[in-house]
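Chain naming follows the written order as A, B, C and D, and within any one chain the residues start at number 1.
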Amino acid sequence: MSGYVFERAVRFDEVDAALMLYYPRFLGYCHEAMEAMFAGLDGGYPRLIQQRRFGLPAVHIEVDFKSPLRYGDVARIGLDVVKTGYTSITLRYTLTQKDDGRMVAVVEHVCVATNLDAMKAIPIPKDVLALLDRYRSPA
Amino acid sequence: MSGYVFERAVRFDEVDAALMLYYPRFLGYCHEAMEAMFAGLDGGYPRLIQQRRFGLPAVHIEVDFKSPLRYGDVARIGLDVVKTGYTSITLRYTLTQKDDGRMVAVVEHVCVATNLDAMKAIPIPKDVLALLDRYRSPA
Amino acid sequence: MSGYVFERAVRFDEVDAALMLYYPRFLGYCHEAMEAMFAGLDGGYPRLIQQRRFGLPAVHIEVDFKSPLRYGDVARIGLDVVKTGYTSITLRYTLTQKDDGRMVAVVEHVCVATNLDAMKAIPIPKDVLALLDRYRSPA
Amino acid sequence: MSGYVFERAVRFDEVDAALMLYYPRFLGYCHEAMEAMFAGLDGGYPRLIQQRRFGLPAVHIEVDFKSPLRYGDVARIGLDVVKTGYTSITLRYTLTQKDDGRMVAVVEHVCVATNLDAMKAIPIPKDVLALLDRYRSPA
């Protein structure tokens, strides 16, 4: 068992006119999980972005949707660090519905360590890498 | 007859779990109408914000909600400039449903001409005032 | 001391191009506080909306904005029940920035107990009223 | 040359704290393009969803992000129908920045023709298929 876990209830305003969680919002849930994981660094993601001008723009995303979420459901998001390269990071998010455990979606997210002023890829900073190491998926 | 007019269909993802336009989004529609009006200036609202570092933070909002909007409805938003002071601007947005003409909401919005770097009120710039004059409501 | 208290960090995606919390989202924060308060009823707001077909559409909103919220800030929202009538409820939300205590905004929100199928005002149900009584502001 | 084309300015509230379009919103732009394409059917997507109880839940999404969008940019979205099966539809969205033509993102979106009451896959209705045929990508 590894990975960071984040839970999040579907809110009143997040469903669409078909009464299911609007699918782009699944990715917002994943981003919230990532932001929450980065709270493990001093100042969290806000400090990375605002003071250190370090960010993680996405370069590739793949999502398999298995079942919908509805208002009243709680998403349980397991975040695993699949791979880190010199500048790139691959994360996997496994979303289940908390109460009944059914599989909701699997998201693979490749992002790149980036200096936000130069908009250039940079090596993953040591403290970021140490945080990611805590949530590495088993080989 | 005066005022700037902006139309906007309710989107699939903008209703809530009661299948009505989520009420904070009414204010987003009003902001879109204001942004669209500012397209009358060279570079529009993006240039005001990003190059001139000029913005219009809200200081007071009042909304009367008359009837809901649903998916498939089109909001027709009439924007009137009610009053301008040295640094403050009062706008009124009248929202109706385009097809049947029923009244949806009336929003009064007071904002302040602001230098975004200093975060200080400043006199309304001449070109902004000239634009506002075009959409002034009759006394 | 009275009122329900709800805390909420400003998220990465909630600021606007001026790097301040987009003002319609203040009202979304208030709605989240209200939803959280209703978790005090069995099944919470989801059950009210979906099974009991009971909702609280807004009829009037007034907001005074005092200072901006930025990414990294945490909003502390105090929710007080100001008044209840036969069918209407007046709520007041007082938003401060958690860390430095500065005042952010005050929102007054009048909503109407509504049967969502008939879209008619109905008397406030007894259990809802009992919940509201817990958070009534001192006279 | 084929495909449906939809244009959309990045709005004030759609960037994140790094001042780039928040990446889940790219998918919202694609959904808007799809909704706009369905305006070619009587009553559009609202009628499909609300009266005919027909929807297109996503089952798979892949996105390659090439360059960011910022406030003031206009997204130009080309929508091509790549493939239709008995119940499934594969769409490709090619996002460019309108003014300078640079590539922004490519999205592949597989969705399934679904009866929203039964939540079961159904054959693609004839009028929907005829609409999709208009925007089929060249082999």
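Basically, a contact is a pair of C-beta atoms (placed from the backbone, for glycine too) under 8 Å apart; a residue touches a chain by one contact, two chains touch by 3 or more.
All values reported here derive from a predicted model rather than from experimental measurement.
Overlaying chain C onto chain D using CA atoms gives a rotation of 180 degrees, to the nearest 5.
The greatest centre-to-centre gap from chain B, using C-alpha centroids, is found for A. A straight line joining the Cα centres of chain A and chain B is 34 Å long. Taking the mean of the C-alpha atoms as each chain's centre, chain B and chain C sit 23 Å apart. For this pair, chain B with chain D, the centres built from the Cα atoms lie 28 Å apart. Annotation for chain B: residues 12-13, 17-18, 22, 24-25, 28, 31, 46, 49-50, 71 touch two or more other chains.
If you sketch which chains touch which, every chain touches every other chain without exception.
Residues 12-13, 15-19, 22, 24-25, 71 of chain C are the ones touching chain D in the complex.
Chain D makes touch with chain B in their complex at residues 11-13, 28, 31-32, 35, 43-47, 49-50, 71-72. Chain B contributes residues 17-18, 20, 22-28, 31, 46, 49-50, 55, 57-65, 68, 116, 119 to its touches with chain C in the complex.
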